[in-house]
Structure formats: C-alpha cells, structure tokens
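Going in written order, the chains are labelled A, B and C, and every chain counts its residues from 1.
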Amino acid sequence: MRDKEQTVSAIPPKTSVVKLPDAWFIACESRALRAKRPMPFTLQGTPLVLFRSADGKPAALLDRCPHRNIPLSLGTVTKQGELQCAYHGWRFDGSGACNAVPGLISEQVNIRSRCAEAYPTAELDGFIWVYSTPGPTPAEGPYRFPNLDDARYSTVRRDFTVTSTLHAVIENTLDVPHTAFLHGGLFRTAEKKNEVEVVIRRHAAMAEAEYVGEPAPKGLAGRLLAPQGGVVTHFDRFLLPSIAQVEYRLGDKSHLVTTSVMTPLDDYLTRVWAVVTYRLPIPNWLVRPFITPVAERIFAQDAVILRAQTDVIRKFGERYTSTELDVLGHEIWRLLEQHAHKTPPAAEVKEHRVKMRT
Amino acid sequence: MRDKEQTVSAIPPKTSVVKLPDAWFIACESRALRAKRPMPFTLQGTPLVLFRSADGKPAALLDRCPHRNIPLSLGTVTKQGELQCAYHGWRFDGSGACNAVPGLISEQVNIRSRCAEAYPTAELDGFIWVYSTPGPTPAEGPYRFPNLDDARYSTVRRDFTVTSTLHAVIENTLDVPHTAFLHGGLFRTAEKKNEVEVVIRRHAAMAEAEYVGEPAPKGLAGRLLAPQGGVVTHFDRFLLPSIAQVEYRLGDKSHLVTTSVMTPLDDYLTRVWAVVTYRLPIPNWLVRPFITPVAERIFAQDAVILRAQTDVIRKFGERYTSTELDVLGHEIWRLLEQHAHKTPPAAEVKEHRVKMRT
Amino acid sequence: MRDKEQTVSAIPPKTSVVKLPDAWFIACESRALRAKRPMPFTLQGTPLVLFRSADGKPAALLDRCPHRNIPLSLGTVTKQGELQCAYHGWRFDGSGACNAVPGLISEQVNIRSRCAEAYPTAELDGFIWVYSTPGPTPAEGPYRFPNLDDARYSTVRRDFTVTSTLHAVIENTLDVPHTAFLHGGLFRTAEKKNEVEVVIRRHAAMAEAEYVGEPAPKGLAGRLLAPQGGVVTHFDRFLLPSIAQVEYRLGDKSHLVTTSVMTPLDDYLTRVWAVVTYRLPIPNWLVRPFITPVAERIFAQDAVILRAQTDVIRKFGERYTSTELDVLGHEIWRLLEQHAHKTPPAAEVKEHRVKMRT
C-alpha cells in the first residue's frame, strides 16, 4: 500500500435541478415582515434580505454588504426605512442605493455607485413575492390565486418546507397513483377497481391532466357534498414557473381548488405555499376540523418519501423509469427546462389520453 | 484583497481504498433478517436492500426503486414474498423482476423489464452472504469457517463496526508488534525478551505468517492449557477477499482459531464478523467469562487507533514507512489490488523469513 | 427529467486566504505544555504535535507517525523526553529522529532515517512559538512584545479563537470606523463630530496609520488619565507576519499598547493572542475591573461579525468595495501576499493622508 495510492471517487450527483430566472416566487406572508426588522430569505441558493423601506413597501437586496461581505440581515432598519449594515453602518434604500458611508468626507460623489443588488418585489394576496432576477420590475406581476375575492369561497393557507428538488415536489403534488399506497386508506385504496380516462393537455406555459369517469363519493359523504348527485370533475395542473393546482368539482355546489406555489429555497429544499379555496354545501365549522389534519398527515407522508428520494439522488444520482401512469412528470420537467433555458414554447396545444385503474 | 482572489485548495485524499468485485461478503446474521421486514445494507458504498422472498430465500436488490429512486427498504414484503415500494406500490421478486405496477392497464408486456438489479445471496453457517457483483450466482460459494461442525469445538461470534479502510483493519488484525503497545499488559508486554522467527509465505490468493519459537505460557495458565507441555504453533493468515485468521495451537489439546470476515460497508467503514472456534482442556464455563471481555477491550483499543488513522488519512492522505516487522501489510495490499484489478496471481509459493523480538 | 441530467454547480469559494512560510506563530502559553503530555496543535491546516523533549525544550513534529499515519499526539512522552507512538511504540526525539522501533532486530542502521518532520520552536515571554517551515531554526527569533520588562508597565493577556481568515481578523483589529457601529456606545458614538487626519505609512514589512487630532477624553476620565492635559497620540500598526498593534498615548503619563499576535490555525480559523501593556496614572485595582469586561464584550461582537462574514465568503466567495476609510485593509493584504509569495519588499517608505469623521 505504500507505493500505491488511489483517489477516492465520488459518484457525481446529477439530478433534476433547475434554476429559474425571470420568475416570481413567494418569500413569506405579508404579516411576517415587520416594519423594523430585516429578514433573511434564500432563493435558489442566493441569500437575500427582505425589509420594509421608506413607504412600507417590501424590498429585497442581496444579503451581503458590498463593503465587507457581512449579511445585511444582521443590520437594522432606520426610521427612514433604510437598511443599515451592522459592521460599519453603510445605509441602503429599497432600490439598493447606498445613501451613506458614515465617517466618509471626500468621496460623496460616487457614493451612490456602491449599491446592493436589488430584486423586484410585490405584495399581493397576503404574500410577499420576490422576482428571481435582479433589476427592473417586470411588466407582468405574480400569479393571482383563484376565488380569493369570491365571497362564496372559504380559504385555508398552509406552508411546508420539504427536502426535495422543485421538480420532485411538483410531480409528487400532481401524482395520482401514489396516493393509494403512500396515503393508503386516507383517500384512495390499494384495491383498484375503477377504470379512469386521463386527458393530458400540453400548453405553452402549462400542462393539465383531466380525470374523466372518477366515481362520486358514496353514502353520507356523497349525499352531503352533492345532494342532487352529479359528476366529478378533476383537474391536475402545472403552471410555470412553479405552481401545482388540483381542482375538484362535484355537482353544482362542491368546488375545491388547492393551489401550491413552490419556492425553491435551494437545489434540494423547497417551500410549499398552499392555498385551498373551497365552496361546499356543508357548513364551514363541519369542514375545517377535517380538512387540516388530513392535509397535514398527507404532507408529512410525502415529506418523508421526498426526503428519502432526495437522499438517494444526492448520493447516487438519479435514474427514472416512467410508465404512462406518470402523466405529468415529463411535462413538468419539459416546462421547467423550457423556462430555465428560455426556450420559446410550442404554440399549439397537444392532447393525448391514457387509461388507468384508480 | 479586493483585486486578488485565491482558491481554497484541499489536499487530495489518496488512500488505500479498494473496490472488490466478484466477492462474497457477510451482510448480517441469518436471524437478523426477518420474514416480513426489508433491511437496508450498504456494500462498498452501494445501497442494497435485503429481504426474504417467496421461499424464505434471502434476496438482495439495489436499494432504489427504478421508478422514482425511492429506497425499496422503506417498503414492505407482501405475503407472496414480493418487495413492494412504499411510494407507488411497484412489486419486485427475489430476482429483481417487477411483477406489478398498480393501476397500469396497457403496458403489461414490458413490465418485467423494469427490474431492480439483483445481487447473488447465500445463507450459510448462520450468516447471510451477498456477492459484490450483480448478476448470476457464481459457481463458487462463500468461505466456510473451520471447525464449526466439529463437536469438540466451541464457538463464539462477535461483530464490530470500525471506521477504517478494509486494508487497515485487516493489517491491524494480523499485526503482532502493536499488541505490546496498544494492548500493553493484556497479552504481550513492552519489554521484548524473546527472539522469534517468522516465516512469511505468499500464495496465489492467500498470505501467511508462521511464528516459530514463541514461548509457551508459564505458571497456572501454561499448566491449564498444556498439561503435558508442548510447543506453541501460531499462524496469521490473510485469505482473499477479506478474511483475517489467527490460529494458535498449544500442545495436543489447545487449539484456537479466530476468523474475521471483513465487510467493506464503505471506503472508510468496515464491519468485522469474528468467529472464534476453540478446543481447550479447560471447561467452557471457565473460559467464557474471560474470552469475551478481553476480546472486546482489545477491539475497542484497536477501534480508537483505526479511527484516528482514518481521520488523518482522509484529511491529509497517507504515507507509509514500513519495516520488516510489518510482515503481512504489503502482502495484504498486493492481494487486495490483485483481486480489485483481476490480475492473474503468481502460481508458485514464495517464502521468506524475518526475526523479531516479541 | 429521465433523459436530462444536470450537474450540481457550486459557486467556487475564492477568498483572501494566504499561507505564510518562514514565520513564527504562537502555539500556546508556556504553562499549557506539560512535561509528560503531548499536545496537538494545527498551524495553517497542518497538524502538529508539541511536547517537551529531553531538556524540557519544546519540540514540534508533524502529528502523524511516519509508520502508519497515527497522530503522535495520541502517544506518550517517555522519561527520556521521547515521544512514543501509541500504536507500535516508535520513539522520536525533539529533532524528529526515530530512536527506536520496538521489536526490530536487523535494520538498526537506517533507523534514524525514519524521522518525523520537525518544526523550529522557541519559548519566549511566556509563549511557545512555532516556525511555519520545517527544518533548521532560523537566525531571527520571534517578535518581542514591547514594555514587558519595564517595571512601570502592567500586563494583561487574553486569547480568543475566531472563525475568520487571518486577513479579516487583522483588518478588523486595526479598523476604526466600525467601532462606532458594531461597538456603538462602548467607545465611540455613531454621531460623528470630529474631523481627524490619518497619516498612512507603508514600510517594507509594516504598515502604520497615525491618527492626528483625536480629542482627549472629557470630564472625570480626562482628568484621571491626563491630569495636566495633553494631546492624544494613536497609532494602528500591522507588522508581518501577523501582528496587529494599537498604541495610545495621552499626555506624559498614560500609555497603552495592545499587541495581538494572530495564529492562523486553518484557512478560516484564527487564534488571537492579545497582550495589553499599559502605564496609567490611575491605580491598577481601579483599571482592571473595567479593562477586561470591555475588551471581552468588544471581542465577542467582533467574533459574531467575523463569523458571519466568513460564512458568506465560504459559501459565495468575496467581493470588496473599499473607501479611503479602509485605511489599512489594502496594506495588510499587500504585505501578507508579499510574504506569502516571498516578493522582495519596496525599500522606501511611502506616506499618504486621508481625513475622516470619528
């Protein structure tokens, strides 16, 4: 062994990781960003600092002082809504301009060039959104949640953080076959009796799966949710850059949309901002006690599986073998790559159909 | 410092690490693999899952579902002895064939091609062995322990896990000079009085050191172990792929063989499966209370040193300076490399002699 | 995602890290190195072992046995002042020569060539110093602290370990503008009223900033420290290889010098050995209760900022934007690089002046 040496070889971790430029992501809830306290936030591995500038408007800067690399999130917000570095007191406004270098006498002219990179922000629907590319605010604002302003709808918000790539979380959220196994007993059973047709539609910035022929719930649940009977309508949708949406209708009176906006904190860490808007013929006090614990148990099971998947992928790379049951996985990846590489999307809508037992 | 940047340089970790193809290693004791529970096992850095398939026969598959990279060891074993993935319920038999993709209607033809890589297994002498190369079961089975079926012999089994390369553990196990220092007082003393001759023999797949002239124990111990007196015979052997054996004879009645089968879990993590078979003129109830605590204390001391050695090697690489006292170290490395690179071994037996004080 | 794979990209950490050859650094206090116990010490990432050899003289060897890579600091010191390895008992003297390989009979001739690399040491002013290049002891000894032998001066010693590059700690120690913010209220205020002139002098192996026009303290403090009044003299100095010195004079009677010898344990870990020598017109029992807690609070604040800076630098690399307030930062880096690359220094002294508000 003395004369021979061997280099430790590591299997290169190759995985479905994308970086999405020019995209709005949710950073936090509006109420979480206080007036005087800066807040660190990592977006796609980039450290940012959020704070409320002069007019209370949210601002997002790169979280490092251009002077000596100190995180600006360790600093304070002045009464004038400037972010002041904790080390030497340099002060920045919401646009990232450096308004003051305390102690400096001579070089006042160039002071505004010592800026901190600023990212566009928006405050909308109770969330603070950050744009993933620094620079001017884009013409198009963030995604708007459906039915939020419709008085007939109730809303539940939840957020979760999961150790997983953006792609794997989105696929998991829109995947039907795993529910019978991973969430066995909660809302589908492993005994597959019903044959369902799935229509998959490919749009320019969206992919959609429509499930045709799903049976309506039976017994008491069916009578409560659809007193006059009616067919089930079920759509699963992926919307660029990172939105997974599941929509159910049952007759005229029951309608439920779960919209999950995913924020890629880092390559393998994703935060899920879920907004459930629903209209049901049952009173809310009867619905709420069920909807939240079931959702949280489902999420906890998914989180365990996704973390295990991530561990394998990071150590050993990934290999996928898909079947036609993986109806949206490939479309999600195609759209994510299209956005990541700014490839022009195909104009026409394509459609194909598969059958599965659920 | 602004204009100048310097890359952090890491010392490349070069170490005596080998990967051994076409080799049988012990995965676990037979009794540890229950009927219904899959068990993860890492062999040379490769994650495997063990389970008992249809006929109770042990099976070993790569521990990642070919569908979505989930560890199969998170799944369950069905009544039919199939391993079922926790995520979507894909089912695999002991050969790795995928017998079912739940929900799938159309593609039944190709279903058996979605297989999980399978590794040959054997159940022998109370251990489950796994072959390090996936594919067909080789003609030659695992190593057989000596004297296990001889009624005159007693057996003690122990296993330890040590943070060390396979090479370093084997060398440590067969190294005599360290015992006086690291295990000082336990079975050799630092005051070296006896001059001993060592005959080193190099075979095609084995290396052996015979110690000639070791003194018999004195006093009570000598009278107990060899009532009629007699000479000590002492062999240290390394057998490919990973077996270290220490054999002692004292007169006609005392015979003790410690066989340690090493399993390289990862580059720097090795599991030692030690089987001690012995025949002594002293009753077993008198021997057992001594043999286990002494062995465990020796192992604990070795484990500390090997872990420290591994830390140094991983951070700073390795440099060895050997003397003729390191009688088997070079032979072990030569054989390990020969096996790793599938080099044809030399046919003839070579022999040389050295003298040392013990 | 099946067909496409993407490599995880890491931002290369580029930072102001230097390795300084041919330099004396403090390893520990004299009293910390006991007669019989070897002590591990890491210098610029290299593991060393300190021990007291035959005549009680400190010795420093590379902390790995040349035989089997075991840290020698796990060993023991014999009565003869040899360092004995814990594994096989090889014994080394203070020069690194291997005096014994226990058990070896034949090869006595070459035994002294199996040496462990030795680093020059010196014991001076209560510290043990180690030279960063192994080999012969250089003609020039370590730095001598000022005023240690002057009976009019009192001395306080403190040491701290900070997660930071050598460069960043030195710059921080000699930086004036941050004190008003990071240590706000402790000894300067954020309201900057005084205009001060700074004279920066560049020498061959030293850089110095002299602050001209700093106001004397007012009120009780002023009357205690300079009863007859007088001007403030304030120098900040960087001396190669790693010494930061702050000197204050107030009138004839008050004189305080803080000398911090920095030891780069690793690229991002630096130990600060601070020696404060002072002569004040106030009795020592009145000074001591204040000087230590204030110094420790200042250091704790600096340590937090430097660790945060280091975290940013290690993850994302570094970018600096300096102003003329950063009076010594560039000079420190220039000198460190000059020493690291053994560049001949410029002979003449250069001087320039800046003004700042403090």
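The rule is simple: contacts are C-beta pairs under 8 Å (C-beta built on N, C-alpha and C of every residue); 3 or more make two chains touch, one makes a residue touch a chain.
What you see is a predicted model; the values in this text were computed from it and never measured.
A.B. asks: When chain B touches chain C, do the two copies use mostly the same residue numbers, with over half shared, or different ones?
C.D. replies: The interface of chain B with chain C is built from mostly unshared positions.
A.B. asks: Quick one: superpose chain A on chain B by CA and send over the rotation angle as a multiple of 5°.
C.D. replies: Rounded to 5 degrees, the superposing rotation is 120 degrees.
A.B. asks: Compute the distance, rounded to whole Å, between the mean C-alpha positions of chain B and chain C.
C.D. replies: Going by mean C-alpha positions, chain B sits 47 Å from chain C.
A.B. asks: Chain B: which residues touch two or more other chains?
C.D. replies: 318-322
A.B. asks: Once bound in the complex, which stretches of chain B touch chain A?
C.D. replies: 12-18, 47, 63-64, 66-71, 74, 84-89, 101-107, 114, 167, 267, 317-322, 329-330, 332-333, 337
A.B. asks: Considering only the defined contacts, which chain A positions touch chain B in the complex?
C.D. replies: So the residues of chain A touching chain B come out as 1-2, 4-8, 177-178, 180-182, 190, 192, 195, 305, 308-309, 311-313, 315-316, 318-325, 354-358.
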